[in-house]
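Just below is one structure, and these are the notes that go with it.
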Amino acid sequence: MKLGLIGLGKMGYNLAENILEHGHSVVAFDVNPEPAQALAAQGAVPASSIEELVRKLDAPRIVWVMVPAGQIVDSVIDSLTTLLQPGDIVIEGGNSHYKESIARSAKLQESGIHLLDVGTSGGTEGAREGGCFMIGGSRTVFDQLEPLFKDISVDKGYLYAGEAGSGHFLKMVHNGIEYGMMQSIAEGFEVLSKSHYNFNYEEVARVWANGSVIRSWLMDLTERAFSKDPKLDSIQGVMQSSGEGRWTVETALDLQASAPVIAMSLFMRYRSLDSDTFHGKVVAALRNEFGGHAVVANK
Amino acid sequence: MKLGLIGLGKMGYNLAENILEHGHSVVAFDVNPEPAQALAAQGAVPASSIEELVRKLDAPRIVWVMVPAGQIVDSVIDSLTTLLQPGDIVIEGGNSHYKESIARSAKLQESGIHLLDVGTSGGTEGAREGGCFMIGGSRTVFDQLEPLFKDISVDKGYLYAGEAGSGHFLKMVHNGIEYGMMQSIAEGFEVLSKSHYNFNYEEVARVWANGSVIRSWLMDLTERAFSKDPKLDSIQGVMQSSGEGRWTVETALDLQASAPVIAMSLFMRYRSLDSDTFHGKVVAALRNEFGGHAVVANK
Amino acid sequence: MKLGLIGLGKMGYNLAENILEHGHSVVAFDVNPEPAQALAAQGAVPASSIEELVRKLDAPRIVWVMVPAGQIVDSVIDSLTTLLQPGDIVIEGGNSHYKESIARSAKLQESGIHLLDVGTSGGTEGAREGGCFMIGGSRTVFDQLEPLFKDISVDKGYLYAGEAGSGHFLKMVHNGIEYGMMQSIAEGFEVLSKSHYNFNYEEVARVWANGSVIRSWLMDLTERAFSKDPKLDSIQGVMQSSGEGRWTVETALDLQASAPVIAMSLFMRYRSLDSDTFHGKVVAALRNEFGGHAVVANK
Amino acid sequence: MKLGLIGLGKMGYNLAENILEHGHSVVAFDVNPEPAQALAAQGAVPASSIEELVRKLDAPRIVWVMVPAGQIVDSVIDSLTTLLQPGDIVIEGGNSHYKESIARSAKLQESGIHLLDVGTSGGTEGAREGGCFMIGGSRTVFDQLEPLFKDISVDKGYLYAGEAGSGHFLKMVHNGIEYGMMQSIAEGFEVLSKSHYNFNYEEVARVWANGSVIRSWLMDLTERAFSKDPKLDSIQGVMQSSGEGRWTVETALDLQASAPVIAMSLFMRYRSLDSDTFHGKVVAALRNEFGGHAVVANK
């Protein structure tokens, strides 16, 4: 199969190598010309613009857009809308909100262009070695591209999820689950760290990663992290988030679905961004007011 | 009525003044002799030991024990057990666990001594001006002492709760509710503090304290706290806890009762005691492992 | 002061009586003509349309809009936009989202019309007897109307909160706190209901409402509810919600503010809407898979 | 190696087969004689009493106790205390509380008997095919038995965790993490089930189990569960719990460690045991009191 690939960052570059390795042809473009050049050495055709990329493809064209999310995706898709023709296919593989994907699909459909919204998981390793793809859009279009998805996934690691937006919906919920799993593991180690035992965290993660009920890739990665820094002394417990956990909670609110654990995982991330909190001050001040309990003065 | 009062700290001293003001006689003792001397000026009879205190009472003796909780209570009650006689009454007004109160009641009963377990709320102001008393133990004994409780409470502010331990059980749950209410108010101000509006917190607390659905003594105290320090700049958000919230959560676990909000209020207090967390480090390290997301280095 | 009042439902009708009682003039309109007729008996001037209502006011006109929220508010304000003149004032007292209020204020400003967004608390009793009003918009306009707000509030029960939207922002957060407080109280009674004691809930609510740290209007109402139905046997524990708690959680997400207790209060409400849950089935099925633990069959 | 095995239930029986298959000798006893007979056909030596089992072992004797937890463990260990001799070893592989293991270890030590407390994970499949073992107690004793643990574990699936109790401590925290992970996965499917998409849950679990960040044994089991019952229509969402999640939360309370997600997972389990809740009734009644909001009548 021959396809264009726009966006050669951490995910896109690895994906390009993965696709090439499976014998497909790739026309590659990124605003930064270097990764396309590097891929050329592996057989990719570099393009210096989206126009050139489209020109180098044959109808029906397949263009995989692998740029982060939000306005950048819109800008690339706007360009493609003017360059592509009816029957062409856009694969949108970023971390887009599913409602955006529904809207983009409808808009492209007006020009006769198909959109597949593809949620991608497995990290950069997955993009390179075989990842996990959740795919929404037209089943006919999916059927056409299935051999490609099969090649670049781990075994059984791709799914036609349903109509437009369903791929990104699944990815969003996947990330919500990920937040909850990570917080669960982390709370376990929090309890260990405050116990009177002197656990070796790397060894604990290893035994839990092998044969236990909680064995998981995240536990493998926990082991790996502790192997590099046994007590994580070098880093702070600041937990950033990139938006999908929040979308999951917002969607749960929309659907009146109870998702307390995913929500709490997110709030603990927010809490970690503040070195002190206003709510803590209010509670401390109240305890002082009614019970004369001592407060901790600010320095 | 004439009674002994052991423990003249913040709560006990105010309670003694309250009792005296209502025309009752008080024999007062504390390990620190000063408060008993001060109360003598208001008509109390000071005692320099528990033995002396008991000696100065007439059978059936009434002894109110107003010492914190735990071992000190046990030690005082052990002394009383050897000094009191069948038919005498001990009022235990500290923050004791209800299971301890059940055990102490049973043990005193072996010597024919009655125990009323009394949960006290309203802070030091309540102890002085009229508080809230939740009373467990024998109803007959309660009936005998009701005039006293009526005098020292605000109107309708005392309750015979039921058999032994029920007074402290109610006080424990009261504190659990208090944790939840305080955290609720505090989260509201947390949201205000991060908004783009420039709210005057004292004024906000005042309007919420007057006529709103959430008007409450805690909101009055919130207003008072902000009147002293408009943004609470002088204090840290460190939320200590004295044990009753934790007992409520443990009791909820015992009873398989869902109490997520009270539990979460407690966990946020614990969280506030740590300037950084190990669970945060684990999550940050995991994000770095699978997605290459940046971590915040420790200084 | 003379003002128009649009919307004579539970809140609007009581408010009209409150305003009239304080000597102000009210031109009253509702799509249902009956309440305006009833108010006429108390001195109000009934109007049979928004046009008539506006016609019966003198410039600068003051029109209080007291209709629920959302599209109805928009529809009424759209009508007013065409009927009012520069310098006139609209008071919007519904449960509107603060972002809507910001947008409406800006739009009305284009026609020279002022908007005050007014969050109202205290329930129907408050609307009648003296409520709590949080007011956003121009301070000059507020100063002009302050005598009115003063008359219809309980003492200190009104606040100029700040620029456009701040009134409804405060009301939203107020409701978030309300959710948390209600859930806190409710969890306390949940624990009581599962204990081995045989508490009289009405009496417990009464003692907690008098002199305790958690005394509050909500505790007064808890006592009142139990006085009508001692164990609430007649109702189901289905907890509806009208949107403001959800907005508070969404706003906390927007602002990266940790509000775990308010969020959890909301999720417990959602949980209560389902007689059984899919997440529960998944957990039960998983326990069966790995441990052979029995599941409860569906009937 | 030759060892006695007491308790041939789901876990013990599978463990016995696992041990036998690796060439060790097993003297097997259960109060129910059938499993020991069945194991005899595979080379085990059946015993009809604990006395006989001990008699058939050579000093230093090794006895693996694989009975549930609590009083049954105590009763078996009490019997062994009178039958074993100094230098003998007891392996306690049930789901015991780590504090009990510390106490039992100390008590056995008085008789010169060693105790290893062994947390076991991996379910019945793990017990049979190779499980995960977390081992506390004397390192010297562990070193002596390491070949056995190596044989019956999956690769890297055993760990010497530290002094007495550390094995069961790790197992307890493992289960706490398990609760959180299960609830996280379950909430994800809850959100899916309320969306407008018509997901095939088995396929979703499969794609998430292959190549994604959240791939895990629990996700494999989720796929398996849906393969048997596509929408879990046959079961109710009643989530039982066996105690270790609760112990984890209690330990977090002891250690003042914040574990909100594990706690919330547990409370959602408790919530699922009730078809209706008292806290829901209280909230519904309060909404009715202050806002006139309709309640749902009980049938």
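Read from first to last, the chains carry the letters A, B, C and D; within each, the first residue is number 1.
Simple rule for what comes next: a residue touches a chain if its C-beta (ideal position, glycine included) is under 8 Å from a C-beta of that chain, and two chains touch if they have at least 3 such contacts.
Going by UniProt, the chains are A, B, C, D = 6-phosphogluconate dehydrogenase (Decarboxylating).
Keep in mind that this is a model prediction, so the values were computed, not measured.
The chains that touch subunit A as well as subunit B are C, D. When subunit B is laid over subunit C using CA atoms, the rotation angle comes to 180 degrees (nearest 5).
Taking the mean of C-alpha positions as each chain's centre, the chain lying farthest from the centre of subunit D is C. Counting every residue number used by either copy at the subunit B-subunit D contact, over half are found in both chains. Chain pair with the larger contact count among A-D and C-D is A-D, by C-beta pairs in contact. Separating the CA-averaged centres of subunit A and subunit D is a span of 33 Å.
Averaged C-alpha coordinates put the centre of subunit B at 39 Å from the centre of subunit D. Centroids of subunit C and subunit D (each the mean of its C-alpha atoms) stand 48 Å apart.
In subunit A, the residues touching two or more other chains are 123, 183, 185, 187, 190, 193-194, 213, 217-218, 252, 256-260, 264, 268, 271, 277, 279, 290. Subunit C makes touch with subunit B in their complex at residues 121-123, 126, 130-134, 153-159, 161-163, 165-166, 169-170, 173-174, 176-181, 183-185, 187-188, 190-195, 197-199, 203-204, 206-219, 248, 251-252, 255-262, 264-265, 268.
Of all residues in subunit C, only 213, 246, 249-250, 252-253, 256-260, 263-264, 266-268, 270-271, 273-274, 277, 279, 290 touch subunit A in the complex they form. Every residue of subunit B that touches subunit A in the complex is listed here, in rising order: 10, 123-125, 182-183, 185-187, 189-190, 193-194, 217-218, 221-222, 224-225, 229, 232-240, 242, 260, 264, 268-269, 271-272, 275-298.
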